[in-house]
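Both complexes below contain chain A, partnered by chain B and then by chain C.
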Partner chain A sequence: MSKDTSKAPRRGRTQWGDLAVRWSFMLPTIVLLILVLAYPIWYTIEISFSSFDMMTFGAGEWVGWENYAWVVDDYRFWESLWVTLVYLIWALPIQIILGFGIAYMINAPWRGRGLLRALFIIPMVVAPVVAGGIWRMLLDPIWGVINWVFGLVGLGPFDWFGDPNLAMATIVIIDTWRWTPFIVLIATAALLALPRDVFEAAKIDGAGRWATLWSVALPLLAPVIAATFVIRWLGAVKMFDIVLASTLGGPGKSTSVINLFIYEEAFRSLNFAESAAMAMIVLVLTMLLTGVFLIGSRKLETMH
Partner chain B sequence: MSTLDIKDVHKAYGSVQVIHGITLNIKDGEFVALVGPSGCGKSTLLRMIAGLEEVTQGEIDIGEREVTDLPPKARDIAMVFQNYALYPHMTVRDNMGFALKQRRTPKSEIRQRVDEAAKILGLEDLLTRKPRALSGGQRQRVAMGRAIVRNPNVFLFDEPLSNLDAKLRVQMRSEIKELHQRLGTTTVYVTHDQIEAMTLADRVVVMNGGVIEQEGPPLELYDHPKSVFVAAFIGSPPMNFFEGTVEQGNVLRLEDGTQLQLPVSDPKGRTEITVGVRPEHFELADTGWPATVSVVEATGSETQITARLAGKMIRVLVRGRTDVQAGQDIHLTVKPELIHMFDPAPIPDVALEEDH
Partner chain C sequence: MEITKTIAAPKAWLAGTAMAMALAMAMTGPVSAQDGLGTAEEPIELRFLANESFAATWQKTLVPEFNKIYPHINVTIDGVPYPEHLAKLMLDATSTTPDYDLLLVDDPWAPQMATIGALVDLKSPEIAAMTSQDYDWDDLHPAPLAAAQWEGKQYGVPVRANMLLMFYNKSLYESAGVPLPTPELTWDTFFEQAPKLVQDLDGDGTTDAWPLHTFFTRDQLTPTIWQTIMNSNGGRLLDDEGKPAFNDEIGAAALDTQRKLLDYAPPGALGHGFSESLQTFRQGAAASMFMWGSVYKTTAGGSDATTLGKDEVGIQVMPAGSFSAGAHRGVWSLGISTKTDHLDASWAFVQWMSSKEGEAFNASQTGSFPSRLNTLNNPSEPWAEPVYEAIKNAYDVTIKGEMWRMRHPKSDAAQQILADEVARALAGQATSQEALDTAAKRMVRALR
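Our next item is the complex of A and B:
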């Protein structure tokens, strides 16, 4: 008993020292995170509930939900959300299926596989604005190489940026070109990590190529596919650089994704408070949908 | 059920040959264990029988049918893998029924056969579980269940027990033996554990460096090993070896000059030989080979003595108890029929591999 009491304070002191050391290591990171992450978020929240004061470039008078009401009433906001949704519905499945499909195919050992993998990285290291520019040139209705190729087989010319439906397709194509390699990389890593003997067991059990893919490979890859989906989903919601560099949201508003709209509202129309409110709505929507998706995919996983 | 014939099979990866011509005829219903140290080619041979590995040269027949170039599914074999290789996303029932489903067996029949196999293996209560909710022993049992529902011609086991703890390993060993006695399916069993091989198999095939070193019933290998390698590999604790030259017919002169009296002279009359004595065949006596005891380990049923003879560590196993103490000088004798004489050959380190 007496032993315990004599020991306790010493242990307490070392714990305090330990704690101090730990926090002192974390402090720089914490300060940095507050500066670059917490403060901007707070700033956005603050001005979304205020009128924007151009003089101080900060929150002016508190206006409550007024900005939000303005945004919700604005049909252009809903249109942009719809455009983003259409883009997501096309781009994500295409990229995931292409990414995993290509990974599945180049996973088989063959000559030149390494070179191909290296080539796959290129789109990822190209700046999005440059990617948009490159594709603008390739797809140019008059000078572009792609229309020329289509012309050779008697098709076209297509107005890639002028036709509303084609413009959306163009955005999806550019985004897919840019992001599929990333998914290929993740999928390749996932495929390499799959247990080999399970596939051998499937071979011995008499599963053919399709049965193996469908009953063994896909279920085993499901968690990775779900994770990739979330990563791409989050990336795609905030996409606007490609649009900015290629179609600028046009023609009309047909490719004006939500982030482009927010950007234009803020920096062209100078409606900072309203665009902050939009950003908050998009943030909350994204978080909600991501949560629903994660819970759903976990359910699916345990069900399967 | 079926015979399995392996005819002069070779395997090479590029220019590296790993199997150098193996011929093995396995009878219908026989249990054959392939045993040897890692890298001896035993798993490669098994995988060639399964069809997971191409045969570079030679022929494999199952029953009357040549299967050398057939894919695994056309061979009518079932395999149990070292890491179980269960489908992690399927229930035990689906795991066991997967092969039948691939063959488009009617659902009711799959159900019935899985139930039967589950009953044999005591898995009835686990059928709705996923592999991750099972213990190692249970997973192993499911892997075996997956093999037996198919009622294959040949069972292949690839070190199935090496991931289990010692106690479970002994238990599963007897379960495998019981299963074989019940089903009578031709079985090829790969292991690096000679005790598993000895206790399970009708016939043990000792492999070394891609060739068969010796094959035969377990006790024949124990009683009459043909080489230092087999002698060292079979038996636990492993055999003691003494390398030296024979002088005056039956005196063995070791490298350091120590002279040991052999109970018999070498029937083949060699001058350079390696003499082998199993630890359990030494007897303590008043005269004989002199040794100094360094460690005495008693387990109750037997006592293992580690001693030094001419500077070399040897092991002696005595039944029951003994009053020998560490540091004491002892003398050892061997019955003439229990001493082994071999051509000189490097003594493998297999004893060290025994438990890992």
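Our next item is the complex of A and C:
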């Protein structure tokens, strides 16, 4: 029996050619990622372990963990992490519940539903700085229309930005106004994609709207809710612009979220090395928590 | 005014030659500016990094006037928001290919900029050789001139001086039956009068005019109010060894005073800064305001943004403590980048803008506060007379009480620490003493 040995090199050449084509498709993306992601992260890591040389505006002498020790010893860093956590604990559940709730309520077919969905997009496309400015005007204790409306029913005036306890609630309200529509859109798409027959079966079995929601819709939506939570978490953890435009982190340290603190340390105090160390700590924390949420999300998908 | 011509583009390896040539040319007498700096075919392009609040006005008003003398020097002024201004200056100055020839530096930044070698010493022999004979350094008041000095060198000249001053609404004082403030007003008298200045002007049962407004929000400007009160009571930021001295009894009492001001400010004041306090005063809802004096012209009937008439607004130094009246220096100085390729043209612009003629034009057309005694003593318009009197008074007071922000290469970090801690005290999250002790501890580390 003879073997056709002439085909082996050709197959090898084809495999190499195929590999080259595949890599050539990936190359632009890889280069782009290195430029916009890997390099800045590497630069941040480098600075975080160095003293910052103002003359070259780059990493200077290697200082090991000194910048990290400085950060860990700074009470303001921990306070800002706590403020961020408080914001996340309030904002994320409120937005998820409101978003899916509104989507469920407007899911029934009715005239004008399309227009309403389109209107929902408006808060998302308003620049955060503009949104912060507009809300500052609306909530002004003297001239703001919202306090005026509350005044009509004998409430207020509320010091939305000046009261340390109310200021965080105000940030959550503005953020919820901006991002709930995003969740409504995702939830609406998810609801439309649910199998009709299951709902029809529930109806035939005599399930009411509440029972249908609790026993049919929610279990089916659980993986989508989990995925939405992860997406929104990744957006919310970056909270910065609305705080900058509305409270500047105050009053006191009430709304000084971690990204605002890092920004201030870098671009106002010019403590770039320490800020880089903070950014790395926050990056690692965010990655760890995102990993946990993703595992949870996958488990939910498997369960349902 | 004529400017001596020198060679262009002094590269590092040519510096010695350049200086020799400049000196030689200075000895032969000035050359006509129009003949020497740029041509119609090849004009010199200068870029100027300024604050966005007045960059556009300067571009529209000052540059055409400058071009009447130097038609072949094109100056482009870029505005940048205040919070990003210092970082942008530093980034540009340390870049291998910087964009800007002219750098506008705020009061506390000169040490930082000087330490990284970003600014030309304007009293160096090289610059002296290019300086017009009628450029009068001695006419500049020492208070604003000191803003751009560091370690014995002059890194800029004041082009927009400013002082934290007390504005008052004469109508609201009169309607409350309270005598108009004078420079002798003390903090004690101010607080005695304050309750009378809480007014219901339209008689609807709700307060619509408050005794005062100023900065209370978490911002780097807010500690300047506390510092002014502290300085006017004899307190200091740093001791002679450069260590924090502000967390003593005087400092804590001053911060308590700023907290007390909140009791007489409009609702929401804790979240208010520069814009909100200014708007409140302009709307006639605050009887007094502690604010940067440069807003005077646009507040006292000078713009559509105000409801107050020309004769309705008074201005003077802030109330006195046990040591002196209060004020706080905030001077914008114009410097030249050490990396400019157009040192002579840049100096021509700086000289013109800070000359007697240029400053007088800037003061009358854009409302910038002058630094020259010549301008201060000869106000070109009636509105400027009381204002310049207040500025002169404030200049003297600031020198006496060292009423300026920290002079240190890390002054911005120090100011941010003060902003954090003053904000905590104002929000009631710490006592004044606790907040200042924390600030002092942090500052020792930050200033290492």
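Rule of thumb we're sticking to: the second predicted complex is superposed on the first by the 292 of 304 C-alpha atoms of A that agree within 3 Å, B and C clash if a C-alpha of one lies under 4 Å from a C-alpha of the other, contacts with A are read in each partner's own complex, and residues count from 1 in each chain.
FYI, a contact is a pair of C-beta atoms (placed from the backbone, for glycine too) under 8 Å apart; a residue touches a chain by one contact, two chains touch by 3 or more.
Quick caveat: nothing in here was measured; it's all calculated off a predicted structure.
Q: Clash or fit: chain B against chain C, after overlaying the two structures on chain A?
A: Fit: chain B and chain C sit side by side once superposed on chain A.
Q: According to the stated criteria, A:Glu200 is in contact with first (chain B), second (chain C), both, or neither; which is it?
A: A:Glu200: touches chain B, not chain C.
Q: By residue count, which of the two partners contacts chain A more extensively, chain B or chain C?
A: Counting contacted residues of chain A, the larger count belongs to C.
Q: Thinking of the overlay built on chain A, is A:Pro164 touched by chain B (first), by chain C (second), by both, or by neither?
A: Only chain C; A:Pro164 stays clear of chain B.
Q: Using the touch definition from the top, say if A:Asp140 reaches chain B (first), chain C (second), both or neither.
A: In the superposed model, A:Asp140 contacts chain C only, not chain B.
Q: Between chain B (first) and chain C (second), which does A:Arg209 come into contact with in this model arrangement: first, second, both, or neither?
A: neither
Q: Can A:Met55 be said to touch chain B (first), chain C (second), both, or neither?
A: In the superposed model, A:Met55 contacts chain C only, not chain B.
Q: In the superposed model, how near does chain B get to chain C, counting Cα atoms only, in Å?
A: 50
Q: In the superposed view, which residues of chain A touch chain B and also chain C?
A: The answer is that chain A has no such residue.
Q: Inside the complex, what are the residues of chain A that reach chain C?
A: Contact set of chain A toward chain C: 54-57, 70, 74-76, 140-142, 157, 159-164, 167, 247-254, 256, 264-271.
Q: Write out the stretch or stretches of chain C touching chain A in their complex.
A: That would be residues 83-84, 86-87, 90-91, 94-95, 112, 115-117, 216-220, 266-273, 280, 285, 410, 412-413, 416-417, 420, 423-424, 426-430, 438, 442, 445-446 of chain C.
Q: With touch defined as at the start, can you tell me which chain A residues reach chain B in the complex?
A: Chain A reaches chain B through residues 195, 197-198, 200-208, 211, 215-216, 219-220, 222, 301, 304.
Q: Spell out the part of chain B that touches chain A in their complex, as residue ranges.
A: Touching chain A: residues 50-52, 71-73, 77-79, 81-83, 85-89, 98-99, 102-103, 146, 150 of chain B.
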